[in-house]
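The data blocks that follow each hold one structure.
Okay, so chain A shows up in both of these, paired with chain B first and chain C after.
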Partner chain A sequence: MEFPVSMVIVRRVKPLPYWIVPLLALLIGVAVAIIILYGMSGGKTTPADVLYAIRDGFLQPHLLAMSFAFLSIVGVGLVVSFKGALFNIGGEGQIYFGAMLAVWAAMFAPFSASLINGGPLGVAALKTLMIVLSALAGAFWAFIASLPRAYLQLDEVPVTLMMNYIAYYIVDILVRGPWHERKYGYLRTETLPEKLWLKTISGTTFSIEVYILLIIVFVAAYFFLKYTTPGLYLRVLGNNPNLLRSSGINIKLIIMIALTISGLIIGLVGAGYIAGRTHNLSYPVEEKTANYGYTGILVAWLSMLELIAVPIAAYIIAALYNAGINMQIAGAGGAATVFVFIGSILVTYTALITISEYKIKIIVKRRGG
Partner chain B sequence: MSKTALWAIIILVIIIVGVAAFYGGMMYAGGGAQPTAPAKPAKWTPPSTIKAAWIYVGPVGDFGWSYMHDVGRKVVASLFKDWLTTTYVESVSEDALPQTIDNLISQGYNVIFTTSFEFMDKTIEKGKEYPNVMFFHCSGYKRWDNVGTYFADLYQIYYLNGLIAGALTKTGHIGYVAAYTIPEVVRHINAFAIGAKEMGEMLGKDIKVYVLEIGSWFNPDAARSAAETLWRDYDVDVLAYTEDSTAILELGEEKTTGFFNGTYDHPLYVFSHYSPGWIYGKHAVVSGQIVHWEVIYEDILAKIKAGIYTPYNLKNVDYWYLLNTGAVEFGAWIFDNGTVMHINPEIIPKLKNITVTDKLTGEKVSAYDLIMRRYQIMKEAPLLTPLQLTAETHKYENIPTITYDGHKAQIAPAFDPFTGPLSGYKKEDPNKKVTIESGKRLGHDDLWGMDWFVDWVQYLGKGG
Partner chain C sequence: MRNITKRFPGVVALDRVNLEVYPGTIHALLGENGAGKSTLVKILYGIYTPDEGVIILNGRRVIISSPIDAINYGIVMVSQSPQLIDRLTIAENIILGLKKYGYYAPVKLVEREISKLAEEFGVKIDPSTDTWKLSYTQKQMVEFIRAMLLGVKILLIDEALTYLPIEERRRFYKFIKGFAERGGTVLLITHKIPEAMEAADKITVLRRGRVVKTVEKTEVTIDDIRRMMFGERSKEITYERLPPGAPDGELLLVENLWVEGDFGGYAVQGVSLKVRRGEVFAIAGVAGNGQKELLQAIMGLRPIRKGKVFFEGEDITHRSTYYLRLKGVGYIPDLPAKYGVSIENTIIENIAVIPVYARGFIDWDKIRSLALKLIREYDIKTPSPEAPVKYLSGGNIMKVLVSRELNTATKLLVAYNPTRALDEATAIRVRRIIKNKVINDNIGALIASEDLDEIFQIADTIAVMNSGRIVGVFPAEKAKREEIEHLMVM
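For the complex of A and B:
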């Protein structure tokens, strides 16, 4: 028996301009969130409550400054690999592997104590070392994941994802074991020496050091993608891998370079997160994590893989999280409101991206026709 | 010169400039942002309206830790509604705490309660940043001029629960599902084990307490499967836990009713944790621990309103409230008229039929009477309460009596479970033995840093 109705999906010849989809996703997503929150609260949370919370969420850049910067860095790192259709889901692992080496350099390395007590120059050297090691660790972690992709054609999504858990558990072992604080026996490291903290302007989360890193990363990624040969090959790899293969270019090398650079950038956030946010590692890290590695994926998608749009997407996501906190303070909903926001936007986005690239036609067949 | 080389040079220059700027920025930031000591005002006037905010680590619907803090919040919000407005933020991670605090303060909140141990360091940091806001951190040990600490401790309740467990167990195998084995939980496990052993030994049972750690404060699935493992593989028939859901109570009810109708060969009696959980297992929930955070919140907020607590004098404010204060209670349910069900009425006859010797008096009494006697002893200690409010006076808390002119005054309760002789082993290194000599009573600091298990506790590691 045949169904009288069938659906045909056709790729659009001219896709819609790239900025339309994220913008529409935001507007429709917020509208959907308003309806859900109104229903969930039995009419107590009015659309006005939600809109005020969102407005306040966006208008508090002094509170968003640091999460915005971290999300932007992760977003840039992910765009570098996503451009080549290499889906690095391993940001969390790269961040934590970096954080681990940063903590090691700051507190457990043979040189830690002498550098901290070595005056401003020693402290500056140690801070720089933390950042460099963190980036290298992220690069190393992504490089490992790139090997099975390059040589065995194993899908990088599960590999990078699993590498997250390996990184979490390695850090867990250290924090439970040799690194945990001895005074009270809680399963966390001692607090990072205050001299190594990223300085923020009082009352804000703005740190000049993080922003310098962000600018360096942004400019370097821009030049890498736009003006270097591997950057060019990477973009071709995303669109037409066969072209690369037929012109005899070493695809394996491109894959490894792309994932490694992606990890190098994301790894920076590890040191930033430790020195700027948590000041310690606390067991179990898989529950304590701020999930920048995963939220960054959302940022990268919302940016439509346009580098210039990454900070915009990062600001939107950071502001929506902030709006969720505002809504709770106003008594207009629990912790789930944040997920309602993010979830509504993501679902709308996924739906819209399909519509923007494909036409969906429903064909009703006439009987006996 | 090739184009690639040119770009390589440009990138290199950018990096070098960036690094230089980085150092420049660091010097600037390091030199500029020195925290200055707050100038003490000559006279502190308490705000006419107090805006208090609670920050919870879990969801308020967890029916455990965060839920009971929120009950405390609601009680004081209604009581002091003339001058107090409250709000809360739930499921806040340590990482999101600073931003949440900034957000609250920017909306005018002037008293902030942070209710998770892991919020400790960041509460202190924020306290230094906002010297005119009062902070109270639950369960920590670091304080500042404007950051006080508070905690309601359950170890005496766990001991009383342990007495019941020792009386009820047939296999002698008792279980404990721990969220983490931090000092607080280790103290509770030991108190529970000490009670179980005291009762079990009098009845000729060989008591062993098996501990599984699940690595989460709120994880119903892990808690349930850890409890199931202990019940199935270790013949555990009585179990206590630290986890913020009701999953274990429901499992206990399933196994215990299954035992009553012959499906299983042993039951699983359980003790509800933090909130009254009897309705989740009317046959299996024997007793439990209940907390009344409102006892502490009422005291703190009343003293802020009266101008006693100010942002300049909280450095020694450290509540450590036990059974005598009413901040914790021994029981599984609170009836509508306010009376507490200390022990499930289905269990009471069993306990009344068991005869034991009260080691304090040498009398022969029923197990039920022994438990209620110990409860009364620990419940009534009027001279203890004032000592439990400040960091300065904790050191007197383990003094049972003082004498003056040949008379005695009772300070701490006449009985405390953590009294020697006790022997155990270090959690980190089981080969290292710990011995508490006979008659020595552990004090506040010993209990707060407890990192050893009594000998009959067997730590099975992480599972669930």
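For the complex of A and C:
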């Protein structure tokens, strides 16, 4: 028996303008979120409530400043690897491995105490050290994941994903064990010395230090992709690795460089997150994480892997995140509210990305025809 | 097709083109690279829609806006690259597109039909074979069988046979002739005049997006067609031997080389050869006799099991491709669109990717001026050096690759079918450029080709490769075509 309706998928000859899919994903994703929130609250959260919350979310740049910066950094890091068709899903692990080393440098290293008490210069040195170590730790974590990809052609997606959990559990072990604070007995580290906190402009989450870091990252990534040969090879790798082979380029090395640089950039957020947000690590980290490593994936996709669009995507996502928090505070929905936005947009985007390459047609067959 | 016009940004690809094709004929559509042949058939197949003009099928105006529409009208295209899924068997691949059996196609029945059609080709093939095991020719045959099972009435062949060895091509010609005799229509798109003359009944020549003329094959000579295709440039076409090189001193020495093929077994079995400076050393042979593997092994792209390779006296047997590139070795691989360029990247990026042009940091101004120079010298039709390669026509993509590699080859050029995708006039021009470079810059060239015309035109030394071995080496001026043909298929 034949069905009267059939669906046909045809490859597009001319791709859609690249901003159409992200824009549609945002609009439809928000619409889906509105429906879900309406259902979840048993009709108490009206579409108007959600739209107001979103508007407010966008109009609070002073609250968004820090998460926007973190998401931008993660987004840039992911764009670097995604351009080479290397899907680094391990941002979380790279952030936490970085955070772990930052906390070690700040509180547990042999030099910690002397630097903190060493005047402004010592504090500055320690802060820089936290950032550098955090980046290197992220780079190391991604580098490990790049080895099976380069040498065994193992898909990097499950590898980087599983390494997130390894990083979480290593941090958990430290927090429950040697780094456990004794004063109150909670399963967490002691609070980071206040001197090491990121300085924010009062009443906002804007920290000049984070923004300097963001600008450096942005410029360096742009320069790397545009003006260095590994950056070029990376962009070719995503399109046709065969050309690299006949050109004599070592593809294994490019894979390792790409993932390592991606991890290096994302690792920076580890130190930032500790110094700017939580000021400690607490058990179990996998439940306390802000999920920048995952949310950053959405930022990278919405930017369509264009570096210049990363901040735009990051702002939108940070704003929606903020809207979710606002609604949560207002009592609409539980802790999951924030993820409803992110989740529905990501799902919509994944569904829509097909239409940028393929046309879907529904054909209704007439009887007898 | 009446008054078809199609514009792309910056160019008019087709300008009021009229084409009439009748049942029971094989109609060739001839034209040089970028003449608009592909665009026209893509319109007929629903991949592009025309800006102006109509398509009339059996007296009725039809609108074809997708390949699905086309197939429903009985129009099926077989293109240059087989559209098969490697993981599936032949039968499974074919069933995917078949509607006539509904959703649960009886595999056995389809397999029987496939075997029957394969016999018409004069080939025995097991339909339950996995597709990845097939050669290019066999994959194309599967495409033809699929077209037949789809109930094709108008078969579009878009350069699908152009790259097959001649004797295999003839088998396809016989098959399509049989199809035409049963009332089928064939539109054969090609840039090779001999192909059109051999297979077609009628020929339409396209030039710069316009129809020059439609003629009966019997009315014209190859020279007439050349004039129609190339206009003034047809005078450049000659198959005379190009001026000989002045071989002097050994450049590349291969000693008793053994190289494995893709599916186990040795594809190259004890090959020895010597390429001198100032000569074109050409390897003649039917595709699949180890030429590809030999060149890849020399380039460091395939492991060498036994034997040695020396370049300028230095043992480079296990050296990397990168090392050879920096030494000044240019390389034009087989299947250039797949291995030689990245079509999503721009022309300048496709140049900068060769290590001699950029190491560490990229000086884009330098690359850009090199690109402009190559675009000018090779007459590459592109809106700009920053255009993604995918916007270029097939022949122009090949020119990007050939020009880049010739420029890279300051000592040695290694090439496989360097002019295969080019039209006659451009191919001869490229051969001249290669030969001039060999003579003027005193470089060596190792070229494997399946085209004997090319070999005789360009070579100083001709070697014949058969079943992984060199079965004969001749100085070009003493080589006899019959003898070489005999050695190739012996």
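Rule of thumb we're sticking to: the second predicted complex is superposed on the first by the 332 of 369 C-alpha atoms of A that agree within 3 Å, B and C clash if a C-alpha of one lies under 4 Å from a C-alpha of the other, contacts with A are read in each partner's own complex, and residues count from 1 in each chain.
Criterion: a residue touches a chain if its C-beta (ideal position, glycine included) is under 8 Å from a C-beta of that chain, and two chains touch if they have at least 3 such contacts.
Computed from a predicted model, the values in this text were never measured in an experiment.
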item	value
Which of chain B and chain C A:110 touches, first, second, both or neither	neither
Larger contact residue set on chain A - chain B or chain C	B
Which superposed partner A:220 touches (first chain B, second chain C, both, neither)	first
Partner chain in contact with A:127 - chain B first, chain C second, else both or neither	first
Which superposed partner A:236 touches (first chain B, second chain C, both, neither)	second
Partner chain in contact with A:247 - chain B first, chain C second, else both or neither	second
Partner chain in contact with A:277 - chain B first, chain C second, else both or neither	first
Contacts of A:178 with chain B and chain C, given as first, second, both or neither	neither
Contacts of A:43 with chain B and chain C, given as first, second, both or neither	neither
Intersection of the chain A residues that touch chain B with those that touch chain C	227-229
Touching residues (chain side chain C, partner chain A) in the complex	47-48, 66-68, 102-103, 299-301, 320-326, 331, 333, 338-345, 349-350, 352-355, 358-362, 364
Residues of chain A that touch chain B when the two form their complex	60, 62-63, 67, 120, 123-124, 127-128, 183-188, 191, 199-205, 207-209, 212-213, 215-216, 219-220, 223-224, 227-229, 273, 277-280, 282-284, 287-290, 322, 325-326, 328-331, 334-335
Residues of chain A that touch chain C when the two form their complex	1-2, 8, 10, 13, 226-229, 232-233, 235-236, 239-240, 242-250, 359, 361
Complex interface listing, chain B residues touching chain A	3-4, 7, 10-11, 14-15, 18-19, 21-23, 25-30, 32-33, 35, 53, 59-61, 87-96, 98-100, 102-104, 106-107, 109, 117-118, 121-122, 129, 141, 180, 182-183, 215-216, 427-428, 448-449, 451
